[in-house]
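As written, the chain order gives the labels A, B, C and D, with residue 1 at the start of each chain.
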Amino acid sequence: MPTKTADQLIADCGAWWDTAIIDVHPGEIAIRGYPIEELIGNVRFPDMIWLMLRGELPSRAQSELLEAALVPGVDHGPHAPSIAIARMAVTCGLPVNGAMASAINVLDDVHGGAGQQCMELYLEIDAAAGPAGDLVAAATAAILRHRNAGEKIVPGFGHRFHPVDPRTAPLFALVARAQAAAVVSGRWAAIGRAVEVALEGIAKRHIPMNIDGITAVIFCELGFEPELGRGLFALSRSVGILAHAWEQKQSGRRIMGPMPREIPYRYSGPARRAVPPETDSAAGTR
Amino acid sequence: MPTKTADQLIADCGAWWDTAIIDVHPGEIAIRGYPIEELIGNVRFPDMIWLMLRGELPSRAQSELLEAALVPGVDHGPHAPSIAIARMAVTCGLPVNGAMASAINVLDDVHGGAGQQCMELYLEIDAAAGPAGDLVAAATAAILRHRNAGEKIVPGFGHRFHPVDPRTAPLFALVARAQAAAVVSGRWAAIGRAVEVALEGIAKRHIPMNIDGITAVIFCELGFEPELGRGLFALSRSVGILAHAWEQKQSGRRIMGPMPREIPYRYSGPARRAVPPETDSAAGTR
Amino acid sequence: MPTKTADQLIADCGAWWDTAIIDVHPGEIAIRGYPIEELIGNVRFPDMIWLMLRGELPSRAQSELLEAALVPGVDHGPHAPSIAIARMAVTCGLPVNGAMASAINVLDDVHGGAGQQCMELYLEIDAAAGPAGDLVAAATAAILRHRNAGEKIVPGFGHRFHPVDPRTAPLFALVARAQAAAVVSGRWAAIGRAVEVALEGIAKRHIPMNIDGITAVIFCELGFEPELGRGLFALSRSVGILAHAWEQKQSGRRIMGPMPREIPYRYSGPARRAVPPETDSAAGTR
Amino acid sequence: MPTKTADQLIADCGAWWDTAIIDVHPGEIAIRGYPIEELIGNVRFPDMIWLMLRGELPSRAQSELLEAALVPGVDHGPHAPSIAIARMAVTCGLPVNGAMASAINVLDDVHGGAGQQCMELYLEIDAAAGPAGDLVAAATAAILRHRNAGEKIVPGFGHRFHPVDPRTAPLFALVARAQAAAVVSGRWAAIGRAVEVALEGIAKRHIPMNIDGITAVIFCELGFEPELGRGLFALSRSVGILAHAWEQKQSGRRIMGPMPREIPYRYSGPARRAVPPETDSAAGTR
């Protein structure tokens, strides 16, 4: 501290919060350099998501492909922990923002991370295959490598509820259309399909691409980093979380647990016993 | 429990999670009755937000007005607690969904609730004035009623940083355009303006409508309930929260607090003292 | 900004984070003035909770009464939303701190706020009765006032599951013992009993004090502010939240929702329908 | 579904929430088999933490060692993101439980996970050395292995603020005393010291054990799993989070960001520019 001047300390304090996203001054807001008053009414909400995350505005075609990928992720019903938590949360007194917080928090590695993991798998296959390599061979090698490392499922493929995920085909068709229009390269769609083929070769049955697998294709085609795949899913699912929180709130129910009290949970611990007298011994129980 | 059959218990358990939003069966997902495969590529993301929250699809004009209101709320820079928290969170090791959770959670009454409170104020003025009443008189009475109840600020008006909020005018112009096209009634824009006039009459200075005030106008014009005003703001700000979390994550910084350690906080507690011997007395200190 | 010197700005920045709780310098930590090395091994954990929240160390008797009140709040089983959320959260991939966050968040007004609300009721009765007033009369008036304002339940009394809450009597006995030893005044135990009597007079049936009612008595007897009643409950329940998160984590289950998928939820929305063509009209559906 | 009877479905639903921690029936609560009314007033709060997490009650000596380890973790001042977030959160309108949620959430891998990682390191050294092996050699090998894998710091050793962590020595003395009384084996204290010696050999300077390193010793000595090290730290720090949230709440400040607005952050993005006309091209910007 003694070696710095006050001005240097203030500069350090400002630099502590360095950002290239937004510049705000009295009466003036600019996002990535664009004055906010020029953005309002002139850009679409998906454009704004892209601009905030990427630094530049997308083309209309890019924006619409991103938008299409955001639509089906909004909800998968109250069996999903994120949705159930949002509904339970409002019955505990939380406003919708609080319910969203508790719910979005659980879109973690297992529940919300499959898209990110699938993007990482695609990137791994892309790098291993190189520009001219055999994608199915690279996919097979990658799947076996992960399997040998103890990973039981291939993220983005198969679904424990849907034999065929109804969200995959329509999104795949949009990617094909975008590829035909040279909006995207189609490289990642090919990698996705290669994984499907490789998986069938390994498992000896068809394990179709699910919503995470196809949105991973789209996000890779559009140039997003894997962790943003998780982030974009969180933005999408936030809509469903909010909608369910709001629907539940209107019911007026108080303190809703996972099931009615009349259905008892199963207790598998010790039978009733007396609290033992205290001891100073080092034994496991006092 | 003994008075119910097993089938009744199962029905109760299903009814516990009653929803009118989504129906999911193996291979089949329908949102508000619309098959997901028909929605993908055919509806815009703002349409999907509307459908989830309201039960029906909006017209294109409604959807675009909603979209315009979602654009400017995405960010207001790292001085906002929500943004600062998101950035700090990732330096503690959280993935982006976790950072979003901690940050969206603080979009509460004071930070994210102004839009909701402003909508409630507009509804109060609407009800008090009735179809033919004087809106400025009703607004003046409402403001004074809240002031007498100890509320210090009028939500949606004035800004501690912007003398004039640059986001208000362009959004107001879109409302006027929508009113001219009979997309909205203009009733709530008139109420918003009436509050501005009433406030100036009371405060003897111009206190202009801010972003919360104009988005409250739009959400009321579009028929949203007040708590959804808070929810829609949370959806919008989530974009900025994600973008800042991601930008910060790329910096690689670890455990970033609110300011550099070189700038000390101020300690105003007791001077150093010894821990006193324990006593059984009831005195405040042992 | 131009009117301040750099030194003043630094002082402002330090004052922004003003605290009387802790003073930290290189090699030196003092809590409320006590050097950390003197506290370690010399004070009990409940002492530390008290010191942090109140600024002074408690007597042993005060500390033990606080401790007794913290013991029974740790858990009430997986039907409680807080516990269910913690268990679901770890199956989504969250570490225990993340599960605690999503769960503690829902200890809000309805689920975790009853103790705080009960303390506020006791304070209201205390103020209304004054030193020599009739507590049952004051309690009756307060209950009726809240009932007339639309509040349906009296916080701290009655339990939707336990006809008699098994946690109340042993805690009440400890308050009586502390009162006999002049550790507490007994004023708040008397007010709690008065509420029970008043309630029986109004409802014409016995509605016994529950865990929230008796811990509210204890926290008032010990001089805590109402919002700290909520905070102390959150500290206590955190233990159960952590224990359940940990137990669930060891099960290895992935993405556990509120009930098995085989038990379907009830969908009560519209039947399948086609997405209508888009329109620019202002009608509710496009 | 058709292959199961209704009774089986109910049993499945109950088993879904299987727990060995708590059994609750009307008028009856038992924790790990102990009736709640026998626990209240008879066990200490640290006993309760142990019972919930481990299934059995600790001896008094075990409980006191655990308690000592919980005391110093409560707080490290507002430069810690967890504490800063709690303080900012209440100024946004959150109650204390909500502030705790946003704050505890960030006690993740980097901010709250060092204790867990240190326990994992100790376990790794213990297993590598075996009962009779050279601990310093095993520690040196483990440190180098992690360093070669790209890990820059050894969790539990060194502190970016304290040249010597004032919390380490008094806790170490308590471990020595417990070892002398045969409460703990001392194995993990020896491993901790071996890491310190190994680190000095590698770095050619003394890098002393910090609070995470010594609490990791204690939690290992007491038989806790590594992830519970993180959980116990979260319980401890929750006290400081609550205390700071409460202190800040009493200030009445609204929407407190990381620093006063008068200290500007640094914007490093593009200069002001006009929103370009929309295009359908696939170019990066529209």
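The rule is short, and it goes like this: contacts are C-beta pairs under 8 Å (C-beta built on N, C-alpha and C of every residue); 3 or more make two chains touch, one makes a residue touch a chain.
None of the values given here were measured: they were computed from a predicted structure.
Undergrad: Name, by label, each chain that touches both members of the pair chain C and chain D.
TA: A, B
Undergrad: Can you name the chain that lies farthest from chain C, using the mean of each chain's Cα atoms as its centre?
TA: Computed centres place A farthest from chain C.
Undergrad: Quick one: chain A and chain D, Cα centre-to-centre, how many Å?
TA: Centres of chain A and chain D (C-alpha means) sit 25 Å apart.
Undergrad: Could you grab the centroid distance between chain B and chain D? Build each centroid from C-alpha atoms only and quote it in angstrom.
TA: A distance of 32 Å separates the two centres.
Undergrad: Could you tell me which residues belong to chain B and also touch two or more other chains?
TA: Residues 9-10, 13, 16-17, 19-23, 35, 39, 43, 77-79, 84, 94, 98, 101-102, 105, 107-109, 112-113, 161, 256, 258-259, 263-265.
Undergrad: Take each protein chain as a node, join two nodes whenever their chains touch, and name the resulting shape: line, ring, star, complete or other.
TA: Shape of the chain contacts: complete, all pairs touching.
Undergrad: State the interface residues of chain C toward chain A in the complex, per the touch definition above.
TA: 5-7, 9-10, 13, 77-82, 84-85, 88-89, 91-94, 98, 101-103, 105-113, 160-161, 254-259, 261, 265
Undergrad: Using the touch definition from the top, list the residues of chain B that touch chain A in their complex.
TA: Residue list for chain B touching chain A: 1, 4, 9, 12-13, 16-17, 19-24, 26-29, 31, 35-37, 39-41, 43-46, 48-49, 52-53, 67-68, 70-72, 74-79, 84, 87, 95-98, 100-102, 104-105, 107-109, 112-113, 161-167, 169-171, 173-174, 225, 227-228, 230-231, 234-235, 238-240, 242-247, 249, 256, 259-260, 262-264.
Undergrad: Within the complex, which stretch of chain B touches chain C?
TA: By the definition above, chain B touches chain C via 10-11, 13-23, 30, 32-35, 38-39, 42-43, 47, 55-63, 94, 98, 101-102, 105, 181-184, 258-259, 263-276, 278-286.
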